[in-house]
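Same chain, two partners: subunit A is paired with subunit B first, then with subunit C.
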Partner chain A sequence: MDKKKKINKSGWICAKCSCPVEEGPIKAMYLSGNFDVKLLRCPVCKNVLVPEDLALGQMLEVEKGLEDK
Partner chain B sequence: MDLDKLLAKQELCINDNLPSCVAMCPIHVDVKGFMEQIQKEDFQEAYNILQKRMPMAKVISQVCDHPCQNVCVRKDKGGDISIGDLEKAVAQYEGTVKKRSLPIPDNNKKVAIIGGGISGLTCAIDLRKKGYTVTIFEKNKELGGRLRRFVGDLLTEKVLEEEIEDIKKLGVEIKTGVTISQEDIKGLREKYEAIYIGTGKWEVEFKIDGITFETGIDGVFCGGRIAIGNDSIILSVSTGRRAAISMDRYIQKTSLTALRKEEGSYKTELKVDTSDVSEEPKIVPSSDVYTKEEAILEAKRCLLCECHKCYKACPHLQYEKLDPKAYIRKINHNERIILGDHYANKAINSCMLCGLCKSVCPTGVDMAEIIRDTRKSMVSRGKMPPSAHDFALKDMEFNMSEYFNLLKHQSGMDKSKFLFFPGCQLSGSYPQYVEKSYAYLMEKLEGGVGLYLNCCGAPGEWAGRDDLFETSLKKIYLDWESMGRPTFILACSTCYYILKNYLPDINIITLWEIFNEKGLPSGAHKGEGKNLVVHDSCTARDYSNIYDGIRDIVKKLEYDITEPHYTKEQTQCCGYGGLSYFANKEFTNFATDRRIQEEEGDYLAYCAMCRDLFVSRGKKTLHILDLVFGEDMEGLSIKKGPTLSERRNNRLKLKIYILHRFWGENMDLKEEYEDIQLIIDKEVRSLMKERLILEGDIKKVIGMGEKSNNRFFNPENGHCLAFRRIVNVTYWVEYEKLGDSFRVITAYSHRMDVQGE
Partner chain C sequence: MMEERIGVTKSVCPICLKTIEAYKVRNDENIYLVKKCSEHGEFRTILWRGEPHYEEWERPKTAAYPLNPFTEVSKGCPYDCGLCYDHRQHTCTALIEITDRCNLNCKFCFANAGGNNDPDIGTIKYYYQRILESSGTCNIQLSGGEPTLREDLGEIIKLGHNMGFEFIQLNTNGLKLKDLDFVKKLKSAGLNSVFLQFDGLDDSIYSTLRGQKILKDKLAAIENLEKIGIGTILVCTVVPGVNDSSLYDIVKFGLDHIPTVRGVHFQPVSYFGRIPTIPKDRDRITLPELMDKLSKQSEGIIKVTDFKPPGCENALCSFHANYVGMEGKLIHLGGDHNECICNIEKGEEGSRKTKAFVERNWSLGQDKLKEGKYSSFTQLLHIIKNNYFSISAMAFQDAWNLDIERLMDCCIHVVSKKGNLIPFCAYNLTSQHGKNLYREMRHFK
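For the complex of A and B:
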């Protein structure tokens, strides 16, 4: 969570809407898994930002877990 | 998947059969464990192992007639192991240690033992340990019977008395000076629930059952010399023991015959390959008994028999620490899981499917076939992890697409007697050699040599994707028919294996055979006696025309050949096979390292993947076509193979180039956003390799991000972060714009689909 905040602080803004990204509700889906989570996203166009450490850390772990289910 | 059929395959594996000495020992002393402990200089533990199976070990060890030695596998390699002498020595050194025995709970059932000799004492000890109230009737004044004849230097009176004393301490009642004859049996039967006769001789001749040692009289059993008709001490022990098992079962009213097949001596099914074992002469003891040092040396001659040929040969089995039986059980369990993790998925997808296990196995256990079937089953049940083979399957799709696929008659001709099919990996690694080989073939062969750029479908077979594989085979078949059924000329062993097995109608020949038949290109450099270690491709193992053809070329070019231990039909995979490279990178490195460490010299491979993998792990390796068409052998042997992106580019460029060169056609074929200029430093490249991200993917992400503005921007450092979902993977690229180029900061991907609400 800290890192997400850091990225938020480091100031990604949505290039399309010129809005800073902020945490918001996200639907995440993979194979048999459906999750409601909070991730960074543009509050206007709802484009989701998945940072590198999330994609290669927790998210990968969940993907692997679902693949072996 | 038929799991009963799968489990039945376990039975083929002979590895857990006993070593020949242990099987032949009538009481199955764990001779191998015993030897192992002496090798480790642990005489105490060796004696413990002896005691586990051998009653009165201090005595029997000194007098055993060791039938085990006759079947010792070491016999023809310097002489059998002196098992008997080692038992004597170990008992001499360790037999003085006092045994601690726990009190035995009585079951209040009485048995009588007639005769206090070897078999009677064994029977008495075994039954007493099970809780029976045991009475021995011995006609002499003292117990021991024939054992007393052996009293001398090795077996002292004192030791014999100690063992008899131990029997008394167990709580066995002993009546000496009592003669029992046939007419007493009936009376005894009223007091005792079962009777054992072990008197060496008996006035009545029984019809003795060889398994149960029943005499025909209800509740009366017998053993020892009456049953075996010879003087073997250890066989006497065995009959006493087996009769005790029968008596226990008789009293407990359970089956006397169930599961007793391998109770006595038998010949093992275990096969041990001694072809690599060198002769070592027996160690002769310097006095009556081996010194400890001599005993250790003699025990070290023991081969510690096991089969495990597949395990010793296969890096995958070693990495997973699984032998075929355990592996089959693991697969069975993995297939049956309904709720919970399929914990064996990764192992199953790491097998190189190379078939070495089958080729070394004395009974032909074929794990590759089992794992191929398992992967198909996983796919059909929707349980195959999509990430395992996704990259390879997408690569296959690319190779079958217009970006690589090409099918043409030789320029200026309308029919083809031959069709050159170089394969996708040779085209990815060595497009220049494909071009040179094709020019050579057109020069040497009559009747038209067409060109066919395509994938043979192997990734589909390896991934268990019958759907994709069938489609690819069908396409090849139809293309072959459309070209007038030409003979395929192949330069890849995997293509050869696939076509030979799955499209047997198609005539195939290797480029290597044509080189040998029509002569090598005139410019080929001679090796001047340089030595090369020939590494055979795993898919070539069943085809001597391939591996012999390669050796013929190498010899013609005046190179010396070193054969690695695993070679020809028993070659070891480079680590790429079965797509293990994509499913388990760590393992692939392990397997590649194993292979390249086998021999010191430079390697020669004839598969582009083998060569590139070896070089990537630091082994100087040449491809056979380097020898034929190359210039600077030293430089070529250390030249790193192309990246995954470059492999794709090479294929596309090969198609464009070759169309222009041989047919004068210009093709303007580009991948989406191909013209985007990227700047990628070494570290990012290595990340991309690790994460299986191609330059083409990055261009597609940046191109789309720039066009649609669906991306993020960081005003502080000016970086952009673009994303794009391509089929089932979302790719992310962080980059900065430098003039007309894009410098890639990082790239990553995930498979989870995320949607903002």
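For the complex of A and C:
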């Protein structure tokens, strides 16, 4: 029930598989480091959704935080 | 084994400091600097032993000439420093020596500290102004002598911030930092980071290098820095046969003290300032040997391929690797040195990135975990800000191994008593008999 609520809340459907995306664990790789995070993804094809506000917000902040010299 | 000449540069005679031609010579996996003074004969000094190979350790960049050079080019490097307009890198860190006094009498001391001479606060203001004029708002390191002996250290830190310097670091042996109230005062003055002399975890190391058993003082200093929250870099002078077999112990200790300890910085011993004897090759440890020892001592947790050459100073001057400490594991960041460095990078961009990197990662963030959308990313951001950990090394140059090509790319500049900016290794360059090019002579033994 909770899960369904979340799906409805996200409001996204996978264009390829037509199923609602749901939050799940993914491995984000940046500068060869692997980080475990949770993002919306398609349970079938595993495509991950990166919303614009995340890409321009916290994700950009992470990228800046990891900038090497 | 046949010797092969792989490069030519300029250096100085270690006896008379005259500029002379020097050749880089390969013999098997070792690279030597060979030079001949018409008066004092031939000198041959080890530069590099083993892998990664000397020729592969490169990161080409364009020259970033000084914004406002203070001196003319006349006699040629290293005799025109100020900076002169031929110098090829901006100031990343400007170092101000705020006292000659010291509360130790180390066997090795590049500053040959032990005098009794403090510039007054007006003179220090002039030094800050000269840095602004020459290089703009770079990172500042307050050094000495032992800078904590200044009663007005807090005032000096505040003055620097008020004049626009965002990042001020203290280069200290840490003895005074066992006084919690003193550390509190430094914090409230706005000190961003401590560059703490830390040669190992065994008192015999301190007896040999520093003349006293001071490990407990170092540990007390770190405890206070943790309590008050000032980011700390552990700085180890690496001397063959003294502490080169316990490098990873320092890293492990640093990791146990995340987030206060932000990293470990190794300085292979250099023979300038106050040194015990004329160095032989066996008295030197080179950058690839350091990388190899870190890898072996950590049983592969640290890999030689983790390390990269710098984007600011000359590639042959340093290495660094960045990690995030997460759940007891070290996650390496930043690719490896086998990745193709195909493009020539911009020197000024390397300088900008290094300044920003040091300011961000060598100080202690005050990041509190916030609730909200994308909580796992918020958590990741929090961990990166708090648990970033760097391992780096910088090989200074002395009168025996000086390569002027490297010196021209230097980004760490000391403010001289006249208010000029002198590349660190030129400022500290000392002949075999104690003659300096730039530093004022003191009680040389």
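Following the convention adopted for this analysis, the second predicted complex is superposed on the first by the 57 of 69 C-alpha atoms of A that agree within 3 Å, B and C clash if a C-alpha of one lies under 4 Å from a C-alpha of the other, contacts with A are read in each partner's own complex, and residues count from 1 in each chain.
Everything below uses one rule, namely that a contact is a pair of C-beta atoms (placed from the backbone, for glycine too) under 8 Å apart; a residue touches a chain by one contact, two chains touch by 3 or more.
This is a predicted model, so every value here is computed, not measured.
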item: When subunit B and subunit C are modelled together on subunit A, clash or fit; value: clash
item: Partner chain(s) touched by A:69 [first = subunit B, second = subunit C, both, neither]; value: both
item: Touching partner for A:38 - first (subunit B), second (subunit C), both, neither; value: second
item: Subunit B versus subunit C as contact partner of A:14, first or second or both or neither; value: first
item: Partner chain in contact with A:46 - subunit B first, subunit C second, else both or neither; value: first
item: Which of subunit B and subunit C A:61 touches, first, second, both or neither; value: second
item: First, second, both or neither for A:27, with subunit B first and subunit C second; value: first
item: More subunit A residues in contact - subunit B or subunit C; value: B
item: Shared subunit A surface residues [contacts with subunit B and with subunit C]; value: 28, 30-31, 33, 39, 59, 62, 65, 67-69
item: Footprint of subunit A on subunit C - complex, ascending; value: 308, 310-312, 320, 322, 324, 331-336, 350, 353-354, 356-358, 360, 373-378, 380-381, 384-385, 388
item: Complex contacts: residues of subunit B adjacent to subunit A; value: 341-343, 345, 385-388, 708-716, 720-721, 723, 730, 732, 734, 746, 748-757
item: In the complex with subunit C, residue positions of subunit A that touch it; value: 28, 30-39, 53-54, 57-59, 61-62, 65-69
item: Sites on subunit A touched by subunit B in the complex; value: 10-16, 21, 24-31, 33, 39, 41-42, 45-50, 52, 55-56, 59-60, 62-65, 67-69
